[in-house]
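Both complexes below contain chain A, partnered by chain B and then by chain C.
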Partner chain A sequence: MWTTVFVSGITLGSFYTLVALGFALIFGVTHTFNLAHGELIVLAGYVAYWLWKTYGVSFLFTFPAAVLVALTVCLLLQRLFSRLKEPLELNSIVMSFGVAILLQNGMLFFFSGDYRLIRVPTFNQGLHFKTLYLSYGQLTLLALSLVVIGLLYLLMRHTYLGKALRATIQDREAAALAGINVSGMGLLAFAIGAILIGLAGPLYGSVHYLYPAAGLQATLLAITITIFSGVGRIRGLILGGWILGFAESGAVVLLGASWRELVGAVMLITLLALRPQGILEREK
Partner chain B sequence: MQTKGTTRQQAIQQQIAWAAPTLGLVLLLLLPAFARYNDYVLQVFTHALLLATLALAWNILGVSGSISLGHAAFFGAGAYTSALLSLDLGISPWATIPLGGVLAAGIAAIMGLFCLRLRGAYFALATLAFVEIPKVITDNWDGLTRGSLGLVGLPGLPSLQLGSYHFDLSASLVGSYYFVLAYGLVLLGLVTFVFRSNLGLALQAIREEEVAAEAVGIQVQRYRLLSLLLSAFFSGITGACYGHLIRYLEPGLVYGLHFSAIPMIFAICGGRFTILGPALAALVLYPVDQFIFHPLLPAGHEFLYGAVIILAILFMPSGVWGQVRKAHFVSIKTGSVE
Partner chain C sequence: MSLLRLEALSKKFGDHWALKEIDFSIDEGEIVGLVGPNGAGKTTLFNLITCRHRATSGRVFFANKETTSYKPHEIQKLGISRTFQSSRPFAKMRTLDNVMVARVFGGEFHLFAQSTDIDSARQLLELVGLAHKEQTPAGDLTLSEQRRLDLARALATQPRLLLLDEVVAGFSPVAVKQAVDLVRRVRQRGVTLFIIDHFLSLSLRVSDRLLALDHGEKVAEGRPQEVMRNREVVRAYLGTRHEDESQSA
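After this line comes the complex of A and B, so read on.
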C-alpha cells in the first residue's frame, strides 16, 4: 500500500511542481499573483481535449496547440497586469480573480459544464516490478514533468537569459541598474510561464476531470508550492511539489479521496501563518 | 475660476449623493406595486437585496483595508447552521438565523487566529484557502450535514402576526421581498453606525496608515478581529436567510467561489470606502446580469462580474460611489482653506 502512496506521491508531486513553475516564475519576476493560473491550465486542457475528441489528434500532438493558446491568452493578460498600480500584489490578486471568473464563464460557454477527461487507452496499462506498479499514464506524467523542469533549470542556471531573469527576481532595482530590461523580463516571464501552462494543461486533462470551475484547485496548489519554496528556487519547488504530492496521496489512503482538497488548503494557511511577512520580504 | 468650477461640481455630486439613494429607496419600497404580476422581477430584486446585505457585511471588514476572498465560509456556515437546527430540531427560524450568525462568527474567530497576522495580498490568499476547510468538512460529515446530497425542504420563514395584520414571509414573494428589504435597511443602519463610531474611525485609520494608527494608541489587532467577527456574523445571517428563502442547500453551492467573489466585487465596484457603495452595486449589477445577460448568454453570463472587477481595479479603484463621494471628502479638507 505504501509503495502505491510513494509512486503516486512522486508522480503527482512532480506534476504539481510543473503546475507551480509558471506561477512562481511570473510572481518572482513581476511581483504579481496570477489567480487565473489554474483556469489557464484548465483552458489548455480543454484545447487538448477538444482536438483529441473532435479531430482524433493523438495526445502528444495536442501540446503545441495548447501552448499556442496559453501563449496568446497570457500575452494579452500581461498587457492588463502591466497597467496595474501599487499595491501591486493585492491589486493583481483582485484583478486576476476577475480574469479567472471571465475564463470560467468563457469555458462554460464553449465547453459546457460537463466533466471531461482525456482518456488515452495505453495509460491504463502499466509495468509491474514485484509489488510496485507503474501505469504508463503515471510514467508519462513523471517523465514529461521532470524533462520540462530540467529544461527550465538549465535555462535558468546555464544561459545568459536565465541569469538576467534570476537577477530580476533577486533585486529589480539592482538588475535595472546593471542594464537589464526589467519590463522586458516581465514579458519574458509571462511567455515562459505560458509555455509551462500550455504543457501542464493536456497532462492535467489526462489525470483530473476538466470542468470550468476546476482551476481553483490548481491555483491553490501553485500558490502553496510557491510560498513553500520562496521565489527563484526551482529545487525548492520540486521539494514543495513532492511534499504536497505525498501528503495528498497519504490523505487519500488514510482518510479517503474526498479529504484530498483539504491538504493543500491547510498546508497553505500553515505556511502563511508561519511566515506572515510574505515571501518577498525575506529575500531582502 | 477653477475653484468655482470645482465647487459647482462638488455641489452637483453632493446632490447626487442624496438624490440617488433616496430615489432608490422609494423605488425599492414601491417595487412590489409595479411588479405585482411579475414574479420573476420580484425574485430577482429579492436576491439582489440579499446580495446587497452580503456586500454590506463584507465591507465591515473591507473598510479596514483587508480584502477577503473567503466570505463564502461564513455565508455557508450560517446557512447550514440555521438549516440543520430548524430542520432536525424543529426550532423556529427566528431563533436559528441569529445562531447561524454566531457560528459564522465562531469560524471567523478561528480564521482570525491564523489569518489576522497577515496583511494585504497574503491575507487575501489565506482567506481564499480557508473556505476549503468548512466546505470539505460539511461535504464529508454525512451523519450531520448529509454531505454532498445537500439539504432539501428547509422550513420557510414563519408568518408574522402583528395585531390583526398577517405577514406571510415565505409563501408570498411580496412578503419575502419586504423581509429582505427590512433586514437590508436594518443592516445599513448598523453599518452606518459602525462606520461613524470609534470602531469605524479606527478601522479607517488602520487602512490609511497602520503604523501611525498603532502609534496613536489604536489596538490594531483587536479592532481588526472585531471587524472580522462583525462582518462574519452578518454574512452568516445573510446565508441563513438565503437558506430559508431558497429552501435548498448544497456544500458546493453555499461554500462556492460565487459567494466569496460576489461581495468582494460589489464592494470594490461600488466603493469599498463608502457606506452605500457595495449595496448600490449589488442592486444595479445583479438585475443587469439577470435581465440582460442571462437571457443572452444562459451559459457564461457571469462573465459580467469578472469584466466589471477588472475595469474597476484598472480605471476606478475607489469605485463608482466612491467617485461620487470623493467631492464630499475633498470639500471637508479644503473647506477650511477657502
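After this line comes the complex of A and C, so read on.
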C-alpha cells in the first residue's frame, strides 16, 4: 500500500510543481498575483480535450496547440497587467479575479458544465515491479513534469537569461541598473509561464476532471506551493509539490478520496498562519 | 566638452520642490563631489540622471544626447551606472554571478557563460578586494563588502560615468582611506565619477570640484576649498549663529 502512496505522491507532486512553476515565475518577475492561473491551465486542458475528442488527435500531439493557445491568452493578459499601477500585487489580484470569472464563463459557454476527462486508452495499462505498479499515465505525467522542470532549472541556473530573470526576482531596480530590461523580463516570464501552463493543461485534463470551475483548485495548488518555497526557488517548488503530492495520496489512502482536495487548503492556511514569509525563506 | 550636462533641472514631489532649476555640467575624467545636508536633493538628482524618476522640467544631456526621458536600462546602456545608498546585491546569487550578470547585460549579451566573463568579473572583484569571496552568496557579505560588490557590479557594466551614493557612510577611517584609493583607481580606468557624500570624508579628499545643494537649490560649485568656505554652504551644514544673523542684517 505504501509503495502506491509513494508512486502516486511522486507523480502527482511532480505535476503539482509543474502547475506551480508558471505561477511562481510570473509572480516573482512581474509581481502579478495571477488568480486566473488555474483557469488558464483548465483552458489549455479543454483545448486538448476538444482536439482529442472531436478530431481524434492523439494525446501527445495536443500539447503544441494547448501551448499556442496559452501563449496567446497569456501575452494578451500581459498587455493588460502591464498597465496596472503600484501596488502591483494587490491590483493584479483584483484584475485577475475578474479575468478568472471571465474565463470560467467563457469555458462554460463553449464546453458546458459537464465533467470531462481525456481518457488515453494505454494510460490504464502499466508496468509491474513486484509490489510496485506504475501505469503509463503516471509514467507520462512523471516523465513530462520532470523533463520540463529540469529544462527550466537549466535555463534559470546556467544561462544569462535565467540569471537575469533571477536577478529581476531578487531586486528589480538593481537589475535595471545592471542593464537588464525589466519590462522585457516581465514579457519573457509571461511567455515561459504560458508555455508551462500550456504543457500542464493537457496533463491536468488526463488526471483530473475538467469543468469550468476546476481552475480554482489548480490556482490553490500553485499558491500553496509558491508560498511554501518562496519565489524563484525551483528546488523549493519541487519539494513543496512533492510534500503536497504525498499528503494528498496519504489522505486518500487513510481517510478516503473525498479528503484529497481539503489537504491543499489546510496546508495553505497552516502555512500562512505559521510562516507567512515561506517555509524555506530564511528569517531576516 | 562636457560628458554630463544638466539644464534647469527640476523635480517636484507634490507641492515640494525637491530640486529647483539646477544647471551643472561634468567633464570627462573629472571626480565631482555632490554635498549638502539631509534633504538637499542629492539622491533625487541621481534618480533624475539615471532616469529612475522623471524630471518635472529641465533637461539632461549625456554624451551629446538628450537622455531626460530614457528608461533606466537604456541610460545604463549609454554608459551611466550607479550604486545605491543602501546596498542592493542580488542576495541569493554568488558574488561572482552578481558581477557577471551586470557584465553580460551591460555589454554584449550572450546566453551561456564564457571564460572571458568570468575573467573580467574576477578582475573587478580583485579591484574591490572581494576576490576571496567570489563563491559566497551576496546576501551573506558584510555591509562594507556589499557596498564594494555594488561598486564592482556598477563597474562591470563598463560605465563612462559612475554615480556613487554614500559609499563610505558608516565606514571606519581605515575603510574610508581604502575607498579613497579605490576611487582613484576607478578614475584611472577612465571612468568619470559623481559622488554623494554627506559627511565629506571621501569627496573632500578625491574631488576635483564640488556641487553643493541645499533645499533643492544649487548654493555653490567650484574647487573643494572654495566651496567649503562659501557662507551658504557653511550655513547649510552648521546652521547660523544668532550674532551672525544680526551682523548680516
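We adopt the following convention: the second predicted complex is superposed on the first by the 275 of 284 C-alpha atoms of A that agree within 3 Å, B and C clash if a C-alpha of one lies under 4 Å from a C-alpha of the other, contacts with A are read in each partner's own complex, and residues count from 1 in each chain.
Just so we're on the same page, contacts are C-beta pairs under 8 Å (C-beta built on N, C-alpha and C of every residue); 3 or more make two chains touch, one makes a residue touch a chain.
All values derive from a computational prediction rather than experimental measurement.
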Checklist entry - When the two structures are overlaid on chain A, which partner does A:I180 contact: first (chain B), second (chain C), both, or neither? => result second
Checklist entry - Is A:T3 in contact with chain B, with chain C, with both, or with neither (first, second, both, neither)? => result neither
Next on the checklist: Quick one: is A:T122 in contact with chain B, with chain C, with both, or with neither? Answer first, second, both or neither.
Outcome noted: neither
Checklist entry - In the superposed arrangement, which partner chain does A:Q170 touch: chain B (first), chain C (second), both, or neither? => result second
Checklist entry - For A:L102, is the partner it touches chain B (first), chain C (second), both, or none of the two (neither)? => result first
Item to check | Which of chain B and chain C A:L161 touches, first, second, both or neither | outcome: second
Checklist entry - In the superposed model, does chain B or chain C contact more residues of chain A? => result B
Item to check | Touching partner for A:L262 - first (chain B), second (chain C), both, neither | outcome: first
Checklist entry - After superposition on the shared chain, which partner residues are touched by A:S82: those of chain B (first), chain C (second), both, or neither? => result neither
Next on the checklist: Under the stated contact criterion, what part of chain A meets chain B in this complex?
Outcome noted: 33, 35, 80, 83-85, 87, 89-95, 97-106, 108-109, 112-113, 213, 216, 220, 223-224, 227, 256, 258-259, 261-262, 264-266, 268-270, 272-273, 276, 278
Next on the checklist: Which stretch or stretches of chain C touch chain A in the complex?
Outcome noted: 50, 52, 71-73, 76-77, 81-82, 84, 88-93, 97, 100-102, 104-107, 109-113, 153-154, 156-157
Next on the checklist: Quick check on the complex: what are the chain A residues that touch chain C?
Outcome noted: 158-161, 163-164, 166-167, 170-171, 173-182, 232
Checklist entry - Taking the complex as given, what residues does chain B use to touch chain A? => result 67, 69, 114-115, 117-122, 124-126, 128-133, 135-136, 139-140, 256-257, 261, 264-265, 268, 297, 299-303, 305-310, 313-314, 317
